[in-house]
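Chains here go by letter, A, B, C, D, E and F, matching the order in which they are written, and residues are numbered from 1 within each.
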Amino acid sequence: MAAPAGERVVYLNGKFVPESQATVSISDHGFTHGDAAFDTMRTFKGKVFKLKEHVERLYRSCKYAGIDPGISQGEMSRLTDEVVERNKHLLGPSDDFWVTQRVTRGVPSARPGEKEQPTIIILCRPLPWERAKFYQTGISMRTSPIRRTPPQYLDPRAKLQNYLNQVMAEMLAKQGDPDVWSLLLDENGNVAEGSGYNFFIVRDGRVITSHERYVLGGISRQTTMEICQELNIPAAEMDFNLYDVYTADEAFITATSVCLLPVRSVDTRTIGDGAIPGSITGRILGTWSGMVGVDIAGQYLAHIKSA
Amino acid sequence: MAAPAGERVVYLNGKFVPESQATVSISDHGFTHGDAAFDTMRTFKGKVFKLKEHVERLYRSCKYAGIDPGISQGEMSRLTDEVVERNKHLLGPSDDFWVTQRVTRGVPSARPGEKEQPTIIILCRPLPWERAKFYQTGISMRTSPIRRTPPQYLDPRAKLQNYLNQVMAEMLAKQGDPDVWSLLLDENGNVAEGSGYNFFIVRDGRVITSHERYVLGGISRQTTMEICQELNIPAAEMDFNLYDVYTADEAFITATSVCLLPVRSVDTRTIGDGAIPGSITGRILGTWSGMVGVDIAGQYLAHIKSA
Amino acid sequence: MAAPAGERVVYLNGKFVPESQATVSISDHGFTHGDAAFDTMRTFKGKVFKLKEHVERLYRSCKYAGIDPGISQGEMSRLTDEVVERNKHLLGPSDDFWVTQRVTRGVPSARPGEKEQPTIIILCRPLPWERAKFYQTGISMRTSPIRRTPPQYLDPRAKLQNYLNQVMAEMLAKQGDPDVWSLLLDENGNVAEGSGYNFFIVRDGRVITSHERYVLGGISRQTTMEICQELNIPAAEMDFNLYDVYTADEAFITATSVCLLPVRSVDTRTIGDGAIPGSITGRILGTWSGMVGVDIAGQYLAHIKSA
Amino acid sequence: MAAPAGERVVYLNGKFVPESQATVSISDHGFTHGDAAFDTMRTFKGKVFKLKEHVERLYRSCKYAGIDPGISQGEMSRLTDEVVERNKHLLGPSDDFWVTQRVTRGVPSARPGEKEQPTIIILCRPLPWERAKFYQTGISMRTSPIRRTPPQYLDPRAKLQNYLNQVMAEMLAKQGDPDVWSLLLDENGNVAEGSGYNFFIVRDGRVITSHERYVLGGISRQTTMEICQELNIPAAEMDFNLYDVYTADEAFITATSVCLLPVRSVDTRTIGDGAIPGSITGRILGTWSGMVGVDIAGQYLAHIKSA
Amino acid sequence: MAAPAGERVVYLNGKFVPESQATVSISDHGFTHGDAAFDTMRTFKGKVFKLKEHVERLYRSCKYAGIDPGISQGEMSRLTDEVVERNKHLLGPSDDFWVTQRVTRGVPSARPGEKEQPTIIILCRPLPWERAKFYQTGISMRTSPIRRTPPQYLDPRAKLQNYLNQVMAEMLAKQGDPDVWSLLLDENGNVAEGSGYNFFIVRDGRVITSHERYVLGGISRQTTMEICQELNIPAAEMDFNLYDVYTADEAFITATSVCLLPVRSVDTRTIGDGAIPGSITGRILGTWSGMVGVDIAGQYLAHIKSA
Amino acid sequence: MAAPAGERVVYLNGKFVPESQATVSISDHGFTHGDAAFDTMRTFKGKVFKLKEHVERLYRSCKYAGIDPGISQGEMSRLTDEVVERNKHLLGPSDDFWVTQRVTRGVPSARPGEKEQPTIIILCRPLPWERAKFYQTGISMRTSPIRRTPPQYLDPRAKLQNYLNQVMAEMLAKQGDPDVWSLLLDENGNVAEGSGYNFFIVRDGRVITSHERYVLGGISRQTTMEICQELNIPAAEMDFNLYDVYTADEAFITATSVCLLPVRSVDTRTIGDGAIPGSITGRILGTWSGMVGVDIAGQYLAHIKSA
């Protein structure tokens, strides 16, 4: 099935279909129970960044949930590359894609005891260019009164389509102000993560982020740790709380789409002296840009100007 | 769009479509985030039982999650009746339907700030007749090592499409034995509910079930309490734990599909003297059958025999 | 020491002094450790409302903290009446006072082993008339990310001068918007109280408030329960959470100064149909006004108009 | 205002006043809510020890609580030195001071919306020489049934004038025996701190103290860690509990006033072989004395003898 | 095997043996794992009080632990009566026995898969007459820093031979003072029970005790509730904490051996006005004495005088 | 007292007695309260492995519980060696013993205030040869719904005869299937230990086991860590949970009797690729065998073959 000119194609259970025709059954467990794993990555210069790491994490999510994707990790990677390739003609010159794989437990078999077949989806989308301004202003965060689901109930490290805890936490943090970003605490009152991004502080020259135990082990988070090592900036996972946040020198978040955004304030308290980005934050983002050969913030800002 | 002969029709966003063509977009939040509310009911003699109570609960689930269904409760009820009506010709003489409404937050608008439109689905399905045998043998339960998500993270009283906590709890309780039913504890080690059903014990002539705080406020659970009142059987919500379960005189579960099933054992301990059903359990189910004019267990058993 | 004309007098350790000269030593434990109990009441028609109940609660707070006030409950009541009497000439025709007693552990003795003498303060102040508008608009509340200190660490039922948990919870709920009121959850995620007021919901004609276990046992809260009993409105203490709040029919807060204020919204969700006051809320406030012979809301609104 | 001969002077909101005239308004938030930060240090040879670290911690406490001191850290340090200087003539030859700064949120403005001005106090006092005997006998500790307030409710790392949790914990540990010192557990049953001092154990040649997360990050605690590093004694922050305490080789506490005191027993169990001080404990105190040029224990013991 | 004159006989696995020869194998699970249930009762006028209720509780303890006593409840009761009968000649004129049954899981079979045989012991002992003085002075209690094991780990309602949590809690409360009685809190900081007795307070004429959930459901506790009902004294199970205890009007404990003892103080705070016994406490004990035809306190005091 | 030919002798309170005559009084606190410490070790080539470490741990268990063994650690070691020596003639050529010491608080003295004498037992037994097959098949584990008692109630690091929490956890994990091994979580949902063994995973070449805080500090566990250090395999104590277990490369348990057994599956999920033993697991066991001069698995398998 060929996609209309200008429409993206999606991989869906063995076929490439136009995005507008990519649907799932209302009986699919991925829909009725949110019973599905997924992973999201982005391209740099049209090539998926850390594809192998993302696919490995997707398969860990599946194993945790007891979902069998039915195809190998290598095949999943190959198909992902193919989806990007088939849509590449839609990219502008300095453009890139957001790319997502989804694996659901599938539609329950009508015959009792017969195993359901998983539903597999691979798609690409434009990056969220409207976030460009935050590279310049930094983001303003509020601690949400709703806390992150503890791992014993459903592990935040597995990326699964049960996102209502985070959706509601974000609503309560924003309270209708779309420019506020949410910060979630864990069950003990330590800082966990945002609704879809990891959180870091810098204190006395040291970069600190939450233990992976209560948060998604983000690939951008991992990349940040690697860049710190390269730059000889001490960096560690540890429990920390709002006292540490309010008295930090710098703060930032990491997410696949934007890589890294500086934080200007948390709960109306200016972080450090308010410089955006903080010096260590800026060095990390700069090194990242060099590593991928793309001026990450610049690409975002260029999109806004051209829009 | 007319459904092929013998195929059920589904209400989907203002239209009635054949079930095989009822799908949702892969961008629908109900799919990508499990961001949807639903409710499930059944018919007796072809009429939906306690439709008003179910629709009220559905709208409470929506309000909790901040989802606006866009139509009134009255309209939702009317459409539900219509779905049953349009599929009624598929019912055998002593047959009934399982009926489900779903309301998702919909597909995010491409234009920032524009509100998404909810997706609304109403469908009916055959009841799970294969459960008939349990009216005769009682069910065998195991306590799951995975506990029910506490209400502060996502409230079990709102029926939302984030079911992985229960899916995994059930897998770990069953450990591959499909005839085992799961019993979930709450965060304090008290008994919560099963993966989709409420749990009751009987002790010294008194019927006891968990506080609604940690469990779905089931309509069948509510019906059971009303029947107890009618029969002058003292009944109460309270915290109780495995000590109470192991030393109970009787135990049973309630669920929309089966109304009530007796429990034979929990964690290999026979409940009471092992009679199925226990005397109070039997009286409740009998009164229920009288109330709806259908021999509830008999209808199930008849289906099996005829199969 | 006579107070300048128009200045209030304060009872301070056996003397009546002008308010501007009422101070405590920088060594007083009440200052250095917040090591003091207090209670706040108001007058109606110039007479302290439920003075005996307030003094009893003050002495329970003292006994809990191991502070010996050194004078009897009767003497404390008599002195409170005298403070009001000595300041009465400052009240306008339909005016009333806020009245507060404070008992600190006192200044540590220089001689080791010698017991310190408590510091006792009784004062009156104008009521917070600027809150008048909320009787008409209802208040808008936000759930605070900071939760109420659990009773095992310092019991919320004892009114002690350690208020930073509530001060910070209020700051984080308001986030700079002075018209937002804070709602604090308890350690389990149930609703506790506000920063200085109790919280109630109405559902299906039933009035519900939090267990005293996690909140101050407010005298206004108690008065509300008594009025409900008089009006045959079922009322109960129970654990409830945000699901209950968002789906409630009405909500209100109670506090000594305002007696009762209707709640319009919590976390941007309109409570019930948004009527201010809700019908049961209105009946309770009306009955209260009748009981004390003062139109409670009317008195507040009159002050604003005259200002 | 000149202080009478022999009376100490106190810095109070821009002035130096005799201590007996240093008072705060009964409306000051620092009094009514314990809404104030403070820090306590001591002099060695008349010079404040680690003044910069103490002032930095004071400003972190203020930032956490959202209190703006209104003056710079440098000015606060300068004023502190001046307070010591102005009182120095009261010191004996081998004498030293206890020094305290306090910053309250101030008296609420009568005009709504107008920001209150902070109250700032700096004072010095004699050290608690009566503790001298404990250098010789070691201290006897009891675990308190009241536990330390968890950081999510009010962070123990911020030094704030809300001390009732610790006051009550100490009363319950002492139960009237003034020579017993209290040991507080944290919410998980691990060892936190005492009522105003940090706690350490030594095991297999390794010095261990609680994570800063649940306790004040004491400057004496920090000094101890630095001395350990200098002496090549392995030292670490970690969670530990009563099993570790009862089976430890040595134990000691640290506090500004006494620097370090050996512990003889906890809950009637003799620590190690009962030697006072233990060998590592003794080495740390000895190094400390060398570092500041004062025989710390000797100075205390000399005061007692001369008294 | 006949017991020497003056020696008590014990029932042990089907035989009556002299107490000095009643031993268990060092391989018995009741010894190596504390893997045994027991129950303790007393006689009045030589007849076991509430034998049926005790045996029922013993069998619930066994069922909870999965231990099969191998004999019926009726047989257990008959044997208990026989043990008392066979030792009755050792009782003085106004004397009574403490009676205990024990059921262990037995010695593991040498042959894998073969079920072990339980060990059954029934014995009687003198009552603890040395407690007589407490009827006159009341008991002095301290809150223990060790809390009662929560039911999810091992249910306090099952009387099992795993008593180290209580043994250690008692040691830490007493700290070497044998006349201090321990009060244990539960995991939430509410009052649980003592090391072998239940705890009650009286407030505003109402008798209050802890929920059975966190404590043994004592038969003496149950008897107290029944006597309250008979005397029209309102009595309830509820969560309460140290605030309630310190501000109570009266307090008492119940235990099989002494039935009921008044409490004079808790944590050095005198309960109520210090009268021993409090008026309601005294009425309950008086009614109890009437019910069993024995002056309960008088019998204890007589033993001391005669000793 | 000479033991019959072929019967083992046991050390019991100063004497060596035939095992069949080794009993404890039914009044011994070790029996009635599980009030006893113990330790279990094994021999290699007839010599107790790490005897000193075991005796040190036994004495720490005693100190924690406040039990005084009355003899020195050296004497305890000497007696243990003597027990092995006196039974050595019962060992076959490649045979070894399981060896256990027990110290109870003893029989309460009849005279109040007189201290009880401890009961001391030292015995040896055959190793559990029937476990041999698991070296070849690996073990199959299930997570138990009962969690390990948290250390604040009774510390898992002290080896005490209160084992019902583990006995019941094992029953619920096994549910009657004797070949299933139990895995217990801690109070936070992290992996603790099994019912008598420690648990390890291997991930990316790194060996991980639970913090000692929630588990017994096993001597075999310690030996494993030492072997890892010798083999330059990174090994660490850390919190980990079921996500880590399900996605691990290898897993194994350690216990005194078997030293180490590979794990094949947990909760029906095959660990890694299912190889038994995993490569790192195999290396550790191999090194251990070399260290003690006994083919550990081989010895077990030989026993089975010869049986």
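Methods note: a residue touches a chain if its C-beta (ideal position, glycine included) is under 8 Å from a C-beta of that chain, and two chains touch if they have at least 3 such contacts.
Note that this is a predicted model, so its numbers are computed, not measured.
A.B. asks: Touching both chain B and chain C: give me those chains, sorted by label.
C.D. replies: A chain counts here if it touches both chain B and chain C, which gives A, E.
A.B. asks: Taking contact as defined at the start, I'd like the list of chains shared as neighbours by chain B and chain F.
C.D. replies: A, E
A.B. asks: Just how far, in Å, is the C-alpha centre of chain D from the one of chain B?
C.D. replies: One centre to the other, that is 59 Å.
A.B. asks: Could you work out how far the Cα centre of chain A sits from that of chain F, in whole Å?
C.D. replies: 45
A.B. asks: Which chain E residues touch at least two other chains?
C.D. replies: Those would be 66, 150, 152, 171, 185.
A.B. asks: Using the contact definition from the top, classify how the chains connect: line, ring, star, complete or other.
C.D. replies: Graph shape here is other: it fits none of the named patterns.
A.B. asks: By the document's touch rule, what are all the touching chain pairs in this structure?
C.D. replies: Those chain pairs which touch are A-B, A-C, A-D, A-F, B-C, B-E, B-F, C-D, C-E, D-E, D-F, E-F.
A.B. asks: Going by the contact rule set out above, which residues of chain A touch chain C in the complex?
C.D. replies: Result: residues 142-145, 171-172, 175-176, 185, 267-268 of chain A touch chain C.
A.B. asks: If you look only at chain D, which of its residues touch chain F in the complex?
C.D. replies: 185, 188-189, 239, 241-243, 246-247, 269
A.B. asks: In the complex, go through chain E and note every residue touching chain B.
C.D. replies: The contact residues of chain E facing chain B are 60, 63-64, 66, 150-152, 155, 157-158, 213.
A.B. asks: Would you mind writing out the residues of chain E in touch with chain F in their complex?
C.D. replies: Chain E reaches chain F through residues 10, 12, 19, 22-26, 28, 30-35, 38, 65-66, 102, 112-113, 121, 123, 130, 146-150, 152-154, 160-165, 167-168, 171, 178.
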